[in-house]
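Quick heads-up: structures coming right below.
Below, subunit A partners subunit B and then partners subunit C, in two separate complexes.
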Partner chain A sequence: METILKVEHLKKYFSVNVGGPFARHMASLKAVDDVSFEVGRGETVGLVGETGCGKTTVGRTIVGLYAPTAGTITYCDENLCALSREAMRNVRTKLQMIFQDPYASLDPRETVGNIIEEPMDIFSIGSMAERRERVQELLRIVGLNPEHANRFPHEFSGGQRQRIGIARALAMNPEFIVADEPISALDVSIQAQIVNMLEDLQQRLGLTYLFIAHDLAMVKHISDRVLVAYLGKIVEIDESRNIYKHPLHPYTKALLSAVPIPDPRIERRRQRIVLKGDLPSPINPPSGCRFRTRCPIAQPVCAEQEPELRDMGSGHMVACHFAG
Partner chain B sequence: MTTKAGWEFKEGTLPDAGAFAPASKNSGDLQQIAGRPTTYWSDAIRRVRRNKLAVIGFWVIVALFVIAIVGPMLSPYTYAEQDLTNTYQSPTLRHPFGTDQLGRDQMTRVLYGSRISLAVGVVCAALNFAIGVTYGGIAAYFGGRVDNIMMRIVDILYGIPTLIIVILLTVLFKDRGVNPLVNVFIAIGLTYWLPMARIVRGEILSLKEREFALAAKTIGAPNNRILFKHLIPNAMGPIIVTVTLEVPSAIFTEAFLSYIGLGVSAPVASWGVLASDGTEAIRSFPYLVVFPALAISLTMFAFNFLGDGLRDALDPRLRQ
Partner chain C sequence: MDETNLLMRIDGVTTNFHTYAGIVHAVDDMTITVPKDSVVGIVGESGSGKSVTMMSVMRLIPSPPGRIESGHVWFDGATLNMADYVQQEGPNRGMVDLLSLPPEEMMKVRGRHVSMIFQDPMVSLNPVLTIGLQMTESMVAHGIADNEEAWKRAIEMLALVSIPNPEERMRDYPHQYSGGMRQRVMIAMALSCSPELVIADEPTTSLDVTVQAQILELMKELKTKLKSSVIIISHDLSIVAGMADKVVVMYAGRVLEEADVYDLYEKPGHPYTMGLMKSVPRLDADDRERLVPIEGSPPDLLAPPAGCKFAPRCQYAMEICCKQEPPLITIGDGHRARCFLHHPAAPAVPGFVKVE
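After this line comes the complex of A and B, so read on.
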């Protein structure tokens, strides 16, 4: 499979003031700390992890909302971090994003038609009539009534708004879409509609997705491969068929044990792995393995040496000294 | 899109519920929006209309503008025309507001004064938009060091009292043939955009983190487009409210400056000058101060009522 996106040693630190209101003491919050992965064309890669693990930051850095602190992002053999502003703007049209909150991601003062048309307007594509035509077409693609182009976002439901957001992302014929928790703000029934539509669009338009989520069941359904992130690091990568059956990293195991199973008999019998403690601060992460403070199998070596991602066979990567 | 089985109701799986039988699914019906399209502004106007005081305030302001433009044209007198045989006349049909110590028709002078007051108001509003909104918007959007420097400048200007600026300008422009009204305009220009810059900055700081601003960035929108097309229009509610509350304050400042003799000077009449002249004879001829004072109060009330009404109508937290 051809690699469409390659992220190498990506780091994104935010500087924050930890000295209180009167003292100035800057520290760096390591939202993403040395993350590498690849995405193949036409593939759906799921990125999971709990709140604050840096998954949204990874997505936003890829589409260029944040400038990376270090590392490279290569998209179709072009290093995005080295591109000029103008070149970056053009590449961006191929890299689009679907946002989490459909209530916040649409400008409340613009009509739906204008929202969807805006990318074409910015890049001066087509005449006014052609653009209007394309807006109608896009609305039809995402299953909305084209007559509603002159309506405002607040007149639509959450699921419909998310469709509008998707139509806007599709306007420039992108190849790669970062879906940043596109369904977590929606009802379960609407979630299924949106996910099915995303799958449908992927087949019709040949899209590649980076699907960021914390709902493991949904990620399993949509993803070909899954990346598990913990505190700014990737701890495990595997095909989604396999990772749900044979997780190797203790964090992945704990995550999977928390997924509810819709069968009370199994649910009653099975054991949950409950992690102790809270997520450590990304400003001052634990030494060595970041997960060691909450890990049930931590050993002294974990505090000293940071485990690298190592291949456990057939692309199953895991960052743990004792995995297996 | 094609729906997949598994999440939708299947016909016949529900018990026969008579009147509660599920309606058959018609994809056309599902997509209909029944209501007429409503925009933010039509919604806001509807809410302002329910506030009687705000509506009265609005019409009073409209009336003031009409009177200021048309009034002096219809008057048989001019603001500087003296009639020394008719000084200190009480209000009569010929002089509804009476005449002053030089026999000038007080009503014509009050009408003319409204032109100056409203000109001050218009200049203040224009500067608020031109400088305050842009300045605050740029400071907030670019953030960091830009924001720090720009807002410290605002803080410094804030620290200088308007009175001192006017006195300095008066000294500076003295005997140079500069219309004293220009001093007032410059003073108001230097100080009255400051609260607006702060309010807009606060609004834009929160708006720029909203996902629609990020979305505009991902589709390749340049900075000025994001700022002026997406962020500032969304801050329009607080901006309008600030303007309607700033304008009366600027009008009052002009009246106050003229009252203490730093604004426009004779024979030009502004409400402040009229009130000041009137106070000299307040014991014998109270109507000379009453009418300009009434005009000032009426304008203050009208703008403040409208401003309060707009704030209630445009504040999303108070939406009904």
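After this line comes the complex of A and C, so read on.
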């Protein structure tokens, strides 16, 4: 498979004030700390983890909404971090994003038609009539009535708004889409509609997805491969089929066992690995392995040495001293 | 299921919101029974009326615009200690109607006999009061402990929900707690007066999966320890599967199905329940099967459809479904469903167990 996106040693630190409201003392919040992975063309890669693991920051850095602190992002043999503003502007048409909250990501004062047309406007594509034509076509693609182009976002339900967000992302014929929790704000019965549509669009338009979510069952369903992130690091990478059956990292195991299964007989028999405590602060992460403070099998070596991502065969990577 | 040993019976409660746009029929003729020492799960999407039902029970509906139009909430009188209001005869003998209690009597019920765990621990704690003050407030208000004793009990409760260093954390403010810890405080607070019934309104929705697992395990553990009944409201069928004894499925302000948890998952008696189960991917599925979504979206409660509220989205809808609302009929032991497909003249549907 041809590699479309390559992320190498990506770091993104945010500067935050930890001195309180009246004192200024800056520290760096390590949202993403040395993350590397590849995405093949036409593939769906899932990125999972808890709140604060840096999954959204990875997505936003890839589409250029954040400038990385260090590391490189290579898209189709071009290093995005070294491009000029003008060159980046053109590449960005190929990289699009679907946002999490369909209530906050659409301008309430613009009609749906204008929202979807705006990217084409910015890049002066086609005549006005052609753009209008394209808006109608996009609305049809995402399963909305083309006549609704003159309506405003508040006239639509959450699921329909997410379809509008997807139509906007598709306007420039992108190759790569970062979907940042595209379904977590939607009702259960609507989630399946959107996921099925994303799968159909991928087939039809040959899209590549980076699917960011915290719902492991949904990620397993939609992805070919899964990346598991914890506190700014990737701890495990594997094919989604395999990762449920043979997780190697203790965090992945705990994460999988925490997901409830909609079957009372199975659910009541299951033994849960319940993690103690909360996520440590990314401003001052634990030394060595970042998971060691909550890890059920942590040893003294975990505090001293940081485990590297190692290949356990056929692309199954894991960052743990005791895996395998 | 023992239907005679009842703690609470919600009987025909109808709650409407009178807005400028018209009347929103949020909950319509709601009937649910809660047996003693049980966990009842209420499942539904947003706008299905599950929270409004529970707010009606607690009489916390903002009025105006909300109004509880009719119905009763019968609560076991033996525990309430309100001799004047206990029904002396009839089918509800020994029960007290919470909806007809005077406001000052209702205040004695809230927090003491029925308490609530709210959805969002970030907004349901008061940011300018210490955790200790908020924990002791209900115990002191209900007169079950003086300040000093309540403080001690609050520390015990915090230890029970595994907050480290409870003595010191009592003096902290909510912003010094993480989301999971705040939800633990909410649970400790709800249980502090040992109520007979705890209503948990989406207790884990704003939490991460690993924290969700912690909270659910904690609730299960405390349930057996403190012998309270629990009503757990959720939009997630899988959370209810692990906890509830009995499940109620709500849609557009109505009960569509009510059953023992095993019956509901093994032989669902309503197309909506079947649809919900098929539309979520399962972590233990072997292959990538395509999801089967429920097409369309929930109805507008300002102008709900005539007939069955689910008919516009139902793939098995018949002519009668759009004209007449099906009644909630008994299709098995403690199993009720609101669907015409159970009628002898209705066509057979694959995967659907019809009542004999």
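Rule of thumb we're sticking to: the second predicted complex is superposed on the first by the 324 of 324 C-alpha atoms of A that agree within 3 Å, B and C clash if a C-alpha of one lies under 4 Å from a C-alpha of the other, contacts with A are read in each partner's own complex, and residues count from 1 in each chain.
Here, contacts are C-beta pairs under 8 Å (C-beta built on N, C-alpha and C of every residue); 3 or more make two chains touch, one makes a residue touch a chain.
Because the structure is predicted, anything quoted here is derived from the model rather than measured.
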Of the partners subunit B and subunit C, which touch A:Gly159 in the superposed model: first, second, both, neither? second
For A:Glu306, select first, second, both or neither according to whether it touches subunit B, subunit C, the two together, or no partner. neither
Between subunit B and subunit C, whom does A:Arg168 touch in the aligned arrangement: first, second, both, or neither? first
Looking at the overlay, does A:Gln193 come into contact with subunit B only (first), subunit C only (second), both, or neither? both
Is A:Glu137 in contact with subunit B, with subunit C, with both, or with neither (first, second, both, neither)? neither
Which of subunit B and subunit C A:Asp34 touches, first, second, both or neither: neither
A:Glu8 in the overlay: touching subunit B, subunit C, both, or neither? Say first, second, both or neither. neither
Which partner does A:Ala258 contact after superposing on A: first (subunit B), second (subunit C), both, neither? second
Where on subunit A do subunit B and subunit C both make contact? 189, 192-193, 196
For the complex, give me every residue of subunit A touching subunit C. 50-51, 157, 159-160, 187-193, 195-196, 199, 214-218, 220-221, 244, 254-268, 272, 274-275, 278-279
Please output the residues of subunit B touching subunit A within their complex, sorted ascending. 1-4, 6-7, 31-33, 35, 37-40, 210-212, 214-222, 225, 230, 233-234
What does subunit C use to touch subunit A in their complex? 45-46, 178, 180-181, 208-214, 216-217, 235-239, 241-242, 261-262, 265, 275-277, 279-285, 288, 290-295, 297-298
Which positions of subunit A touch subunit B when the two form their complex? 60, 63-65, 89-90, 92-93, 95-97, 99-101, 104-110, 118-119, 122-123, 142-145, 148, 150-152, 155-156, 165, 168, 171-172, 189, 192-193, 196-197, 200
